[in-house]
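Every chain is named by a letter (A, B, C and D) in the order it is written, and numbering of its residues begins at 1.
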Amino acid sequence: MLRIEDLWVSYGHVQALLGVSLEVERGSIVSIIGSNGAGKSTLLNTISGLVKQERGRIFLTDGIGPDTAKLLPREPYRVVKLGVVQVPEGRQVFPGLTVRENLMAGAYTVNHAGRVRRNLDRMFEMYPILKERARQQAGTLSGGEQQMLAICRGLMAEPKVLLLDEPSLGLAPIIVKGVFDTVRRIRDEGITVVLVEQNANQALAIADYAYVLENGRVALEGEGRALLCDPAVKDAYLGGAQEA
Amino acid sequence: MKNGTRKWLFCAVLVALLAGFVGAASAKEILIGNMQDISGPTSVWGNAVTRGAEIAVEKINAAGGVDGAMLKLITMDTKANVQEAIKGYNSLVSSGVVAVVGPPVSNIGLALGPIANKAGVPVVGSFIDPRVTVGEDGKPQAAMFLMQPSSVQYSEIMASYTIDVLGLKKIGVLYDQSNAFAVSLMKPYVEYIKAAGGEIVSEQVYTKGDKDFKTQLTKIKEAGADCLYFPNYIQEAVLVTNQRKQIGFDVPIIGGLDFAPPFASLVNDPEAANNIYLANNFSEKEPQLKEVWDVYKAKYGENPVNKVFLGYDKILLIQEAMKLAGGTSSEHVMKGMPVVANLEGTTGVLTISPDTHQPVGLSMVMYKIEKGEYVELGRYVPEKHRAPWSK
Amino acid sequence: MLVQNILNGISLGSVYALIAVGFALIFNVLKFSNFSQGGVMTVTAYAGYVASRYLSDRLDSLVLFAAVLAAAAVSGAVIAAAVERLAFRRLRRTKSEPVYYFISSITMGILLENLITIYASSNFYSYPRFFATSAVPLFGVNVAVTDMMMFALSIAALLALLFILHRTKIGLGIRAACFDVNTVQLMGMNPDFLVTTALMISGALGGVSGVFLGMNYTLYPQLGQMVVKGFVASVLGGLGSIHGAVIGAVLLGILEIFFISWVGAGWAPVFVFIVMLAFLLVRPRGIAGIIVQEKA
Amino acid sequence: MDYFVSTVIFTGIALIGVLGVYLITGLTGLFSLGQAAFMAIGGYVSAVLIRNYNVPVVPAVALAIVAAMLAALLVGLPTVRLRRDYISLVTLGFGEAIVALLNNSANITGGAMGISGIPQLTTLPVVLVSVVVCLALVILYKNSKYGRQCLALRSDELAAKSMGIDVYRLKLITFLFAGALTGYSGVLFGFYTTYLEPAAFNWIISAEWTIIVFVGGVNSLTGTVLATILLTWLPEFLRFASEWRVAIYCVIVLLIVNYRTAGIMGERELSPKTLRRLLGRTKEAPR
């Protein structure tokens, strides 16, 4: 669904990504793990077009077969229109808009009132709490509710690929579980998911395929469960995660 | 910016600098400075004076110039700002002008006085504040000359007309407290009225940028004024005229020069532009205007405002001073200016008093605006001077 | 006298309100006070004048008035879009601090004012009269027709603005952009488009106020310096709050008229200053009491 | 020659005023839209004392500076606790109030007709010495503990607070210092033009000074000095452009602000090291 070839990104003199290549299968969950500053968020932001790469290409393979691959545009709003939608880190909902308005903002690219209404109903069905608070300002929601809202807002855009940036950050363990259940459900509905996580344990557990980023390079890759058992991964990422 | 562009810019600046210092004066030309506001709040007048002066210069040059040399006008922008004006004046002096046509802004005249006296290049302006041409010691400022009635002369004409001719005695005054022009026209007026037995029933002020005068007008109305003296700029004159009608206050307005055309057409409401008295420098029908009027109209496609003729006359004055003193240097202009007498200008017959450096005996043409139309009432000079400081 | 003062204050305030709301709108999106609005207003006032000259033979008064308003609003929107392109677009690309926008906008305002000075300052101009009567009695005092029109149209313009902001997709986008211009891109919104639209809306409001200023106060290039009052009102109202700006503007209008009436116009600025200071000390976040979240 | 001298003198006077704005805006990150009012206070107090009360020059100047500082204290005390945007509003209102006050006290200040006949005491040497002294004071301040605290305050007020900096006191001190400098520039101005009018001190002047600081580069004192010189001379070079002068000036400022956002000097100061770098390599600059 997504193919990234030799991606280089820098901020001024600091090199964030040094030749990252990866492949995301249609309808799968691909997790990207790594420590702080490994370049995970940069990778997502580059896909979304928020950050411009120095070198490298990002392809979206929409149909079947390699011929249908096309370059992702570099303006964030165009990337969204092609169905690649990011849910940003830190639950950036619009605090002064109501829950409903936040969801409607997500549906900005969908030019069909009926479909928007249907999607909205589906979100409310999935998370009744959002329906209850539909007229409330999003800033008044709890952390977990805001994360749900952020994900739902992403879904309102009818994505083909959903990019999730640290959805479990700063949430209580019980809520984290709910978030990951949601991610799985999204995949089951046929949406490809790219998940960036520090919580390597959970991220690998639900991943179909996973990459480990280290200092801006892909250090390891493999199926989620395989990496979960990899001793190097265990030492570097899982131990720390379990202690936390 | 690329390296090359930078160097290029540097060179351009250098060339501009040199050009400024070197290129100014050439042999067969007499340079005359013209300092006007052409980019600031009073640029309408600045442009008008400049155009009038240019027409005069063209006419003189077409007739062979002065002593065989052509006049050349160098215009400096003052932005109606004292600091800009001082820089501009000094710049004109260093480019070798022999006289300067000054702006119709008294504040600039006040600031220029000491500097011009020192530099010895005379300024002929329409600074109506008498302090510009007469120093605190009562002696004339050597290099400063006025070429229209001073604010004292002018407000005396207005005050005398109010009380001696129209017989109005209960007067309300409204003026811009932050504007020197308005203040200088208000004080002598009030003193004359008081000396003549009239009464100022209400004195209201506003400040620069104010747009709503209904509050002040209402107060004047309630004080029982039987006329309103309003010596201010044309923009505010329009506002006051309209708002006077809106609050149903229908006493006459005694106005300044700024009620002259195009004022009535700006009000654009014959009901409001009614019952207004004003004094203008000239009558549009007077024959001496025709030539300049026609030239202006042909050149710019619109009717000239009164400042055009002031600009024209200033050049005439400078030319006459050169003629009288028998030379074209700044010393000659300084020497000739105070002795100019009976010069036929467009705005009247000009005689400069050596004691005050102001024109003497200049009358004004009185007008009444009735239903949007200007009705000429003839030239007027008060018989008696009542204010203590009038000479 | 009291009624007259209040009515005068409200009519003055409704002009301030149109300007203040433009300030609030742009403060929301770009986090700075857009002083170029003054220049835009001046240009639109002249644009409206040109339109009125051109159309006055063809249309009768009320239609003419509407056409002039429309022409000024459109030209305001176009100029504001141009201002965005010339003075703000690059600053947004380089993610500059709001202060640079502020500097850029003040300079742009002076530039626009000067362009008008260059092209229009050889004479005075005034609008044709749109209404036959100039004042009608109301509550025992005379109320100017233009004041009433001004008041009614200010309200209409503000309602239209609220409709756009709360009932349309673009409005939702603009409101979302107030919180975070980066995040809205991830909803598929083009921030250039949203910012330009916001500026065009404020430009159109500026156009409406430009016509009112020109109509009531004759035309001159410094007309737009009235923008300062809008700035004061928008800050008093609480930065970025639309309804706060409206309340601030009306309060400022009434306050000014009352001080002019009590202590005279000469002292009014001094008293307005003291009241303003006292108010801000008591209520440091303005009338609305909320300050939109600032950029990190 | 007079032209050259007068332009240098006006540049020097403007520079001292702009240094005040530099302290407030460049160093501390606040906005003052009423700075010209302090200039008015300095100019008027000294002029009135000398003209109306025959006070000798030195005490008159000293009192003028004190008056400007008192005014700064008056505005500063309540406002330093307000948000940044409000400071620009309050200073704007203060500036307008001072102008109104000057217009209203016509028997002392001459009102709108201004005060004329002030002795011309400002000469080229006086201005040059004043500039050097003021510049030295500002450099000392910038490199002092206070200067560093100001920079901390400018980049992040909360962090500065948590570092134990008394931000209110710091803002107030900076405000006072700036008021004194600007007041002194007003003294020089009055003693040069020999004439003062309230209209010369409106908010546009204050805004222009702020623009100069940004064109120079917000943190850079060198940039501020260069920009003052550049932007006071630029209109003189542009005189050939006649009525287009101001418009061209604006376009140039716009280009600098938009295309060299960091200003002419960015955050750099002119030192032998940077000078060498500049000469050796003209093309650099993070844009």
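One rule holds for everything that comes next: contacts are C-beta pairs under 8 Å (C-beta built on N, C-alpha and C of every residue); 3 or more make two chains touch, one makes a residue touch a chain.
Please read all numbers here as calculations on a predicted model, not as lab measurements.
Trainee: Using the touch rule from the top, work out which pair, B-C or A-C, shares more C-beta pairs.
Mentor: B-C
Trainee: Determine, using the mean of C-alpha atoms as each chain's centre, which chain is farthest from chain C.
Mentor: Following the centroid criterion, the farthest chain would be A.
Trainee: Which chain has the mean of its C-alpha atoms lying nearest to the mean of all protein C-alpha atoms shown?
Mentor: The most central chain here turns out to be C.
Trainee: Distance from the CA centroid of chain A to that of chain B, rounded to the nearest Å?
Mentor: 73
Trainee: At what distance in angstrom does the C-alpha mean of chain C lie from that of chain B?
Mentor: From the centre of chain B to the centre of chain C is 35 Å.
Trainee: Distance from the CA centroid of chain A to that of chain D, rounded to the nearest Å?
Mentor: Their C-alpha centroids are separated by 51 Å.
Trainee: Using Cα averages as centroids, what's the distance between chain A and chain C in whole Å?
Mentor: 42
Trainee: On chain B, where are the residues touching two or more other chains?
Mentor: Expected reply: 38-39, 43, 177, 207.
Trainee: Using the touch definition from the top, which residues of chain A touch two or more other chains?
Mentor: Expected reply: no residues.
Trainee: Any chance you could list the residues of chain C touching two or more other chains?
Mentor: Each of 114, 117-118, 266, 268-269 in chain C touches at least two other chains.
Trainee: Each pair of chains that touch: what are they?
Mentor: A-C, B-C, B-D, C-D
Trainee: Any idea which chain B residues touch chain C in the complex?
Mentor: 38-41, 43-44, 47-48, 51, 177, 204-207, 209-212, 214-216, 218-219, 222, 234-235, 238-239, 242-243, 245-248, 262, 265-269, 271-272, 300, 302, 305
Trainee: Please give the residue numbers of chain C that touch chain A in the complex, ascending.
Mentor: Residues 169, 172-173, 175-176, 178-180, 182-191, 292-293.
Trainee: Show me the residue ranges of chain B that touch chain D in the complex, using the header's touch definition.
Mentor: Chain B residues touching chain D: 1-3, 6, 13, 16-17, 19-20, 38-39, 43, 75-77, 79, 81-84, 86-88, 90-91, 93-94, 106-107, 110-111, 113-115, 119, 129, 131, 135-136, 176-180, 182-184, 207-208.
Trainee: Mind pulling up the chain D residues that touch chain C in the complex?
Mentor: My answer: residues 29, 31, 78-79, 81-83, 85-86, 88-90, 92-94, 96-97, 99-101, 103-104, 203-204, 207, 210-211, 214, 218, 243-244, 246-247, 250-251, 253-254, 257-259, 261, 287.
Trainee: Once bound in the complex, which stretches of chain D touch chain B?
Mentor: Residues 1-7, 10, 99-100, 103-104, 106, 111-114, 116-117, 120, 189, 193-195, 197-200, 235-237, 239-240, 242-243, 245-247, 259-260, 282-283 of chain D touch chain B in their complex.
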